[in-house]
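Chain IDs A, B, C, D, E and F follow the sequence of writing; residue 1 opens each chain.
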Amino acid sequence: MSWLPSLKTETPEEGYELAIMLSRMAVKKTQPDDAARERMRPEYANDPANLTQVSLVVATNFQTVAAANNHWR
Amino acid sequence: MSWLPSLKTETPEEGYELAIMLSRMAVKKTQPDDAARERMRPEYANDPANLTQVSLVVATNFQTVAAANNHWR
Amino acid sequence: MSWLPSLKTETPEEGYELAIMLSRMAVKKTQPDDAARERMRPEYANDPANLTQVSLVVATNFQTVAAANNHWR
Amino acid sequence: MSWLPSLKTETPEEGYELAIMLSRMAVKKTQPDDAARERMRPEYANDPANLTQVSLVVATNFQTVAAANNHWR
Amino acid sequence: MSWLPSLKTETPEEGYELAIMLSRMAVKKTQPDDAARERMRPEYANDPANLTQVSLVVATNFQTVAAANNHWR
Amino acid sequence: MSWLPSLKTETPEEGYELAIMLSRMAVKKTQPDDAARERMRPEYANDPANLTQVSLVVATNFQTVAAANNHWR
């Protein structure tokens, strides 16, 4: 089964969760080694600058998901 | 209750507040440990480069919220 | 009175000024301490890398304002 | 044959793979030396900050692909 | 007279020049001291990372100008 | 003759090449000294972080070119 069958979600909140998943997937596809990602996790989640950039990625993906859902209008 | 029931807001100012909330939520979802975020807070809010990037995240989310509200036309 | 009653402006130039105001507001909301922002100001305005990023934030907000004004067509 | 005959894909998942390909192509066109890119690979894939930025690039290209596919509506 | 009477340009090339002007204006408005900007100029124009970011700002502003001109269709 | 007579291209691949040209032009306009750019080239093309950002610039310009071509629909 596809990990991304559709960009449609029931609610904005689920759309935001999908944006987070899209953001993490690119990291996983670039660094497929689970152990390597696990080793980076503490640095990833404890560096303010990185957390801000993660938020920028989520915001960019959320634009896509929101548009695909016609902003849940 | 959902933390994001809708992207609709009454006014542009409320839309801007929603953009800030969206920006912070991605940080919280990436680093869910409240104490860890609290420890980063001084660095987060006192580094000019980070503050500029935070503003970029808010600007990106504000694009989404403004579009969802048809720019409050 | 609201600091952001509307995204509509008479001219592109006023729209650009609004984009600057939107960019600064996110910094102010993240670091509400006036004295702290004042202390960062020299670093903020004298670091080429930061100035470039500030310009990116303004460009992003200007996209929103320009779209809200139908690009002043 | 073209490496990019179309932006159309059957599914969102294939669209995401296309976004990754677009993201890598710019690196390849900027640094066409395969050996040079290979030497950078460990640093590229093990620096949390870089991985986050890679995810931002993919998100930006995914916006384009999703729009080209009418968000797979 | 306004420095930005309109986003309309005759040609894409003039639109690109306008995007560069928009990008520089935000720097000027953030650091209005001409001498300070002049001192930063060598660092600004000789740091590869900064030049890349300048190009990102121009690309973002060019999106706005191109949309305002209906992509010169 | 103009270096940018139009944003229209025959194919997506040519559109991607145009996006690369747009990305490089901003660097050239900011640092017009050919020798200076040449000196930066090794650093520019061998720093993973910079290559990722170059890819972000290309992605942003590709959005513009793709939209101008109606995504080659």
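In this text, a residue touches a chain if its C-beta (ideal position, glycine included) is under 8 Å from a C-beta of that chain, and two chains touch if they have at least 3 such contacts.
Everything numeric here is computed off the predicted structure, so don't read it as measured data.
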Task: Graph separation of chain C and chain F (steps between touching chains) - done: 2
Task: Both-way neighbours, i.e. chains that touch chain F and touch chain D - done: none
Task: For chain B placed onto chain F, the superposition rotation in degrees, Cα atoms, nearest 5 - done: 180
Task: Same-residue or different-residue interface between chain B and chain C, half as cut-off - done: different
- [ ] Name the chain whose C-alpha centroid is farthest from the C-alpha centroid of chain E.
- [x] A
TODO: Could you tell me the distance, in whole angstrom, between the mean C-alpha positions of chain D and chain E?
DONE: 26
TODO: Take the average of all CA coordinates in chain C, do the same for chain D, and state the distance between these two points in whole angstrom.
DONE: 31
Task: Geometric centre distance via CA averages, chain D-chain A, whole Å - done: 15
Open item on the list: Please output the residue numbers of chain E that touch at least 2 other chains, ranges allowed.
Closed with: 44, 49, 53-54, 56, 60, 63, 67
Open item on the list: By the document's touch definition, which label belongs to this structure's chain graph: line, ring, star, complete, or other?
Closed with: ring
Task: Successive chains along the ring, chain E then chain F then the rest - done: E, F, D, A, B, C
TODO: Please name which positions on chain E make contact with chain F in the complex.
DONE: 11-13, 16, 20, 44-46, 48-49, 51-56, 58-60, 62-63, 66-67, 71-73
Task: Of all residues in chain E, those that touch chain C in their complex - done: 2-7, 22-27, 29-31, 36, 40, 43-44, 47, 49-50, 53-54, 56-57, 60-61, 63-64, 67-68
